[in-house]
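Shared chain: chain A. Partners: chain B in the first complex, chain C in the second.
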Partner chain A sequence: MSVAGLALHPFTAPRNLPEALGLLAERAARNEKTVLLAGGTDWFVERHVAPPETEGTLPLVVDVSRLEGLRGVSLDGDTLRVGAGVTYLELRKDPRVVARGPLLAAMARDVGALQIQARGTLAGNLASGSPAADGVCALAALDATLLLRSVRGARRVPLSGFYTGYRKSVLAPDELIEAIEIALPPAGSPFAWRKVGTRQAQAISKVALAALAVVENGRAPASASAWPPSRRRWLSSPRRGRSGCRARSRRSPPPISSAPSSRTSPRSTTSARPPPTGATSPSRSSRGSSRGSRSGIFPAGAGLTPFGLRATGRLQWRLLRASE
Partner chain B sequence: MSVTLTVNGSLLTLEAPPAARLLDVLRERLGLTGTKEGCGEGECGACTVLVDGVPVNSCLVALGQCAGREVTTVEGLGDAQHLTPLQEAMVTEGGAQCGICTPGMLLSAEALLREKPAPTDGEIREAIAGNVCRCTGYQRIVNAITEGARRREVRP
Partner chain C sequence: MAPSVGKSVPRVDGPAKVAGSARYVDDLVLPGMLHGATVRSDVARGRLLGVDLDPAFDWSGITVVTADDVPVNAVPIIETDQPVLAKDEIRHAYEPVALLACEDRLRLEKALRHVTLRVEPLPPVLTIDDALAAREVIRPPDNVFKRYLMTKGRGGAAVDGCEVVVRGVYESGAQEHVYIEPNGMIAFWDDDGAHVEGSLQCPYYVQKGVKGVFGLPDDGVDVTQAVTGGGFGGKEEYPTLLALHALLLAKKSGRPVKLIYGRQEDVEASTKRHPSRVEIASGCDRDGTLRSVSIRVLFDGGAYVTLTPVVLSRGALHACGAYRWEDVTVEAIAVATNTPPNGAFRGFGAPQTVWAIERHMDRVARTLGIDPMELRRKNLLRLGDTTATGQTLKESVGVQECVEKAMAASGFTQKRARGPVVTGRVARGIGASVFLHGAGFTGSGEKYLKGRVAVDLLPGSRARVRTASTDIGQGTETVFRQIAADALGVAVDAVDFAVPSTRHVPDSGPTVASRTVMVVGSIVEKAASALRVRVGEEATVSGVSREAAWDRLAADPGRATALVQYEPPPGVVWDDATYSGDAYPAYGWACDVAEVEVDLDTFETKVTGFWAAVDVGRVVNPILCAGQVEGGTLQAIGWALTEKLVTRDGKILNPRMTNYIVPTSLDAPPFTTILVEAPYSRGPGGAKGVGELPMDGGAPAVAAAIEHATGLVLDRVPLLPEDLFEASLKGDAR
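Now for the complex of A and B:
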């Protein structure tokens, strides 16, 4: 345990975003390590289990949790912008998110417990790059775009192009995530959010599923497919673990596909088990102790029933929008 | 480096490393040992304190992140001679056994009752979902919070 070493870390809280970016650029140029600290819900845990550090190699801790330039949720037409410093608690309480991005609100409610929601951020979830990240799963279904900024300027990267490997991304050493941008589907679009863990609160997801559908011409959506599709570069072993996802539409033609691909965490020791016949819920198809919570507006007649999924390990799923 | 913050109503300026955990500063520098360390990883909620009225795990917050903020620990609720109605209810309803989770439970419940003076069982259970108790089975804690809410209405 090396929490005692925490006190040795140099720490600074820049007053504004340009100051933070300048600091990042200087340190990146000198090849010095910097930790951008927001909610700390990953970093402090890593320090808790890490071997003791020696003073010479300690990174500078830069507190970005209160930077004005990273704060706030805004809605501009159909584009929702979530600042990198916005916490899950702020997200789930924001009336615009509840009304126009209910999938995000449902996801935020399932992250950790209130104490974690009060500190953790979506951008932190993205930056730490855990395969079990609930926020990333929901953002994938929403086709989110990340706004990255450095002293060199800003660039937009689609989430599908952000990760390059396990906990690796295209984020440069002098860059930070400034905001997450989401082109919202029409209000009232059917969605589903399902997380399965050993208990409802605090559990690291075994499986999380985010689904979104866009209704066109009064018809329910026609297709769905599993996340991550095999074209994803960051899928290291697409054939490890067999898993499937099935979606059913009552008013329209059957779904197109369920790609048999999965992503398993190295910390997961289980391999896929065959599903019980006729299982309709992941919590029933995995062993009895799993608890999950389910939210969404996929009532009878709305179209998709995205269950019947079976998987073990930590997998994430995405249902592609029918229009794609 | 010094950090200025308010702890239980007192404005303090501490000469302390800002990257240190709030939990360690509270317990070791300020002697506020009511805040417990359980897991040290944000799983158990024993170290829950309020920062600007919001429950957080003090094992996951750097002291420097609390500069200019108001921190409330269990010592800021009431003392043995002057228990708050919520603390009283925790005693009379048998909501505490070994007591390790109790300070965190009280602060999560306090934050809930400030926002929702008459919470439902479901709201209480969600509010304390991040606080693990290995003794009571939770029902008596839920009863205690319900009773605490009732007593607060009579004597806030």
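Now for the complex of A and C:
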């Protein structure tokens, strides 16, 4: 569907946040379907593959992209607040974000094309709940908190408690995301951001990695988030048509922070799990010494590391080096 | 006048396209025009029981067309098995069943939701193996569209007696063209008959289709090419269907109708490159001298015949690669499946078989423990050798020079000998391929086609080229002006190029098969030369200046035009029955070298360097020629590394540009393109075809480089990171 096709849907644009919340409450009470439209960069595209809706059951589209109450970035002490209507472009150009949340800026630069960055929002990324969401990965590393609001009031939910399943969250039908709050690490904390898609840019992530380190006593315990967080839950869903799921669902590498290490940061966003059995990383000699050798780098049965995430120590080091 | 051939004359169509003033079909508006849309099945196979219109919906002002409205319900291509609109049988998941048109696009969109198809589903045939097993028969008697058998010497029987026997199976997936402009057509009827204008490669193919379905004479059908945003073969046979649909709606409504596909509909319904499996058994001496080969080529043709037999033929004819074999058997089979028809795509069957034979050459080299390029060089076809079809190569074989130049420029030998270079978690490797591509139609094609071109003298020492060869972005308008200008002895900007329309251009044949410059360009040259002679004679006879003579002839309708028909080169003999003889009048030759970096954590492959040395006979326009090489190579890299069409139950799961991933400029390696000129005596100035050649060798060169870097032996494209990961888990290492 293009923007032109929007006219097929019943549509409204509330003038302010209370009006939007009132509308949501009314529709939720009547069990009616509502779509909150911000950038529309997911929703419009998904219309193409959504099951055809008959006219009577089309959801009401509520344009929240211009609501004043959802806009703006603010910094209060060490707490960064990003309004739900802030676009990736605004985010990565905001001097406070660039200075204090460079991980967010780096992530925002990698989302889609410039046109997508100019429309898409972090909150939309959160609400869509796609396991390939770049923004969610970065927010997980930053241990973000979501400010949810309804006519019943506001509540704060940590990102780690937001999702309940594939594209499912604790967001109630009468609620919207008002803002994202981040308790920032000290300025200059090392970070790394990397996404892997099918091509160099403008591709959906196969896997993304956000890493952040807080330097204490000259040592850097790391917090990192590999997205999606739990492979079995996120990747085996039959709705996922993209190739690559199988490769990634085969083995479940733990997030970096789960490595049994005294340096595990309290900022870690995922509960510590032991590494899978047999998860020793291949020795350096078997992987790094093939220069000049004709025997190949992947001898059969070498216990190859999917995306290298199992080689935690070395990867952390590399990521941290990359950001320095 | 200094010759323009050999110079990079800027593209004549460039400024309008860059400035946005070029008018594509969707920019055209006719008074009273309706918008058209297509109702499609959504099961891969079934019996169509009925098309129901919701009685509760307001159908006023909406035109509905079904199979009952089609005069002759068969699209004439090679066969007539494909209906214009499905009547009883559904044979693929995007089969057009009904058409709607309405002035208001929003009402049209709503109306589409009120049409219901009653379909009784049947078990579909979805893969080559399903088709060969023939548990369900969708093409009697055995699901086979076409079968060829090609033999030389003792046939492949000699393989088993050879010193070293190597076997391999090589596969490739479907590929979507992703031309920048999706398919579109605008149509109307008047007292003269049917008129269509749209995005297309071959005006006379569309005309043939319209004549057949509506029972019209030649002059009752006017087909005009609008400015076209890319084709790559995807607008060879497919636009006929759109033209027919738009004309059906226009006829029933009595109004002009515009039918434009969105990207998703275009990806779902239009043709793709044939998925393939190629099985090769070869025999050679211990020193690497190739002796005998037995090849089985399997192509998935999709739901209807369309151009599959010809694609299969080209695939079979390229299956033995650029090498000498004493004994050959090639068995080629195309099967029917319940997927949208596969059709023409740059390379036309050759990329699949070149992929197979080039991967096989690497496998043979590995078995023998010799350098893969040493093996290739030892066995390359030379002047005087005979090909697998028994064709003796008499001229224009620049392959040796291509190999030497590509290897020298890339430093192949040193880099290869050094082995994979691993820096941290990144492995670097290098690989190569050598290949040929037959230019022009296969076998007797050009003889039957009798392509014609007209060149007109215009007042003021100007001229105009009239040809059905379309410019779809490749530069035809520019290079035809260059060829005509040189032959006439005038400046390039003194030559016009007529908009290809069946109303006023002769049938020069379709814009396909790398034939535009080599075949049609040679007719342009001949016609323009004839006019130059005519002007000279007129000046002599009448005792006037050359300019005055030109104007005199231009004013005389009987003498202003040279209409010339193609004459196939003498001594070219082809036997369709035994599939032997001179398969193509000439071949383009090339050597590709790819250098890659593979991330050992993420399995991302980045092509970091690409060297292509290409023998095109004669370069007409260096920038356009190199553009063909680089663009074709990037399309091949996409086929190799990113473009994976995912299907389930015959439906495409990634029919959008967000999830069918084509390379962008960031994925393009730095290209080093070396143009080699081994002239072909019958091409204009010696030129051969170049359009398809670069599509053939990119994938095997990239796969060879990945193998060099990682040790993973990969025999199936595409190779996405997850495919490399899977291969590494299976321990496909050598």
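Everything below uses one rule, namely that the second predicted complex is superposed on the first by the 214 of 324 C-alpha atoms of A that agree within 3 Å, B and C clash if a C-alpha of one lies under 4 Å from a C-alpha of the other, contacts with A are read in each partner's own complex, and residues count from 1 in each chain.
Keep this in mind: contacts are C-beta pairs under 8 Å (C-beta built on N, C-alpha and C of every residue); 3 or more make two chains touch, one makes a residue touch a chain.
What you are looking at is a predicted structure, and each value in this text was computed from that prediction instead of being measured.
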Exercise. When the two structures are overlaid on chain A, which partner does A:Gln115 contact: first (chain B), second (chain C), both, or neither?
Worked result: first
Exercise. Does the superposition put A:Val62 against chain B (first), chain C (second), both, or neither?
Worked result: neither
Exercise. Is A:Ala133 touching the first partner chain B, the second partner chain C, both, or neither of them?
Worked result: neither
For this session: Would you check which partner chain A:Thr198 touches, where first means chain B only, second means chain C only, and both and neither mean what they say?
Result: second
Exercise. Is A:Val73 touching the first partner chain B, the second partner chain C, both, or neither of them?
Worked result: neither
Exercise. Thinking of the overlay built on chain A, is A:Lys206 touched by chain B (first), by chain C (second), by both, or by neither?
Worked result: second
Exercise. Chain B or chain C: which reaches more residues on chain A?
Worked result: C
Problem set entry | On chain A, positions contacted by chain B and by chain C | 7-8, 45, 48, 200-202
Problem set entry | Contact set on chain C toward chain A in their complex | 105-106, 109-110, 113, 262, 264, 418-422, 424-425, 427, 600-604, 606, 642, 644, 646, 648, 653-656, 658-659, 661-664, 666-667, 709-712, 720-722, 725-726, 728-729, 731, 733-734
Problem set entry | Interfacial residue positions of chain A with respect to chain C in the complex | 2, 4-5, 7-8, 45, 48, 52, 54-55, 196-204, 206-207, 241-244, 246-248, 250, 287-301, 304-309, 315, 318
Seminar exercise, completed: In their shared complex, chain B is touched by residues of chain A numbered 1, 3, 6-11, 13, 37, 39-41, 44-45, 48-49, 61, 63, 65-66, 89, 112-116, 118-119, 200-202
Problem set entry | Interfacial residue positions of chain B with respect to chain A in the complex | 1, 16-21, 24, 40-43, 45, 48, 51, 54-57, 59-62, 64-65, 67, 108, 111, 126-127, 129-131
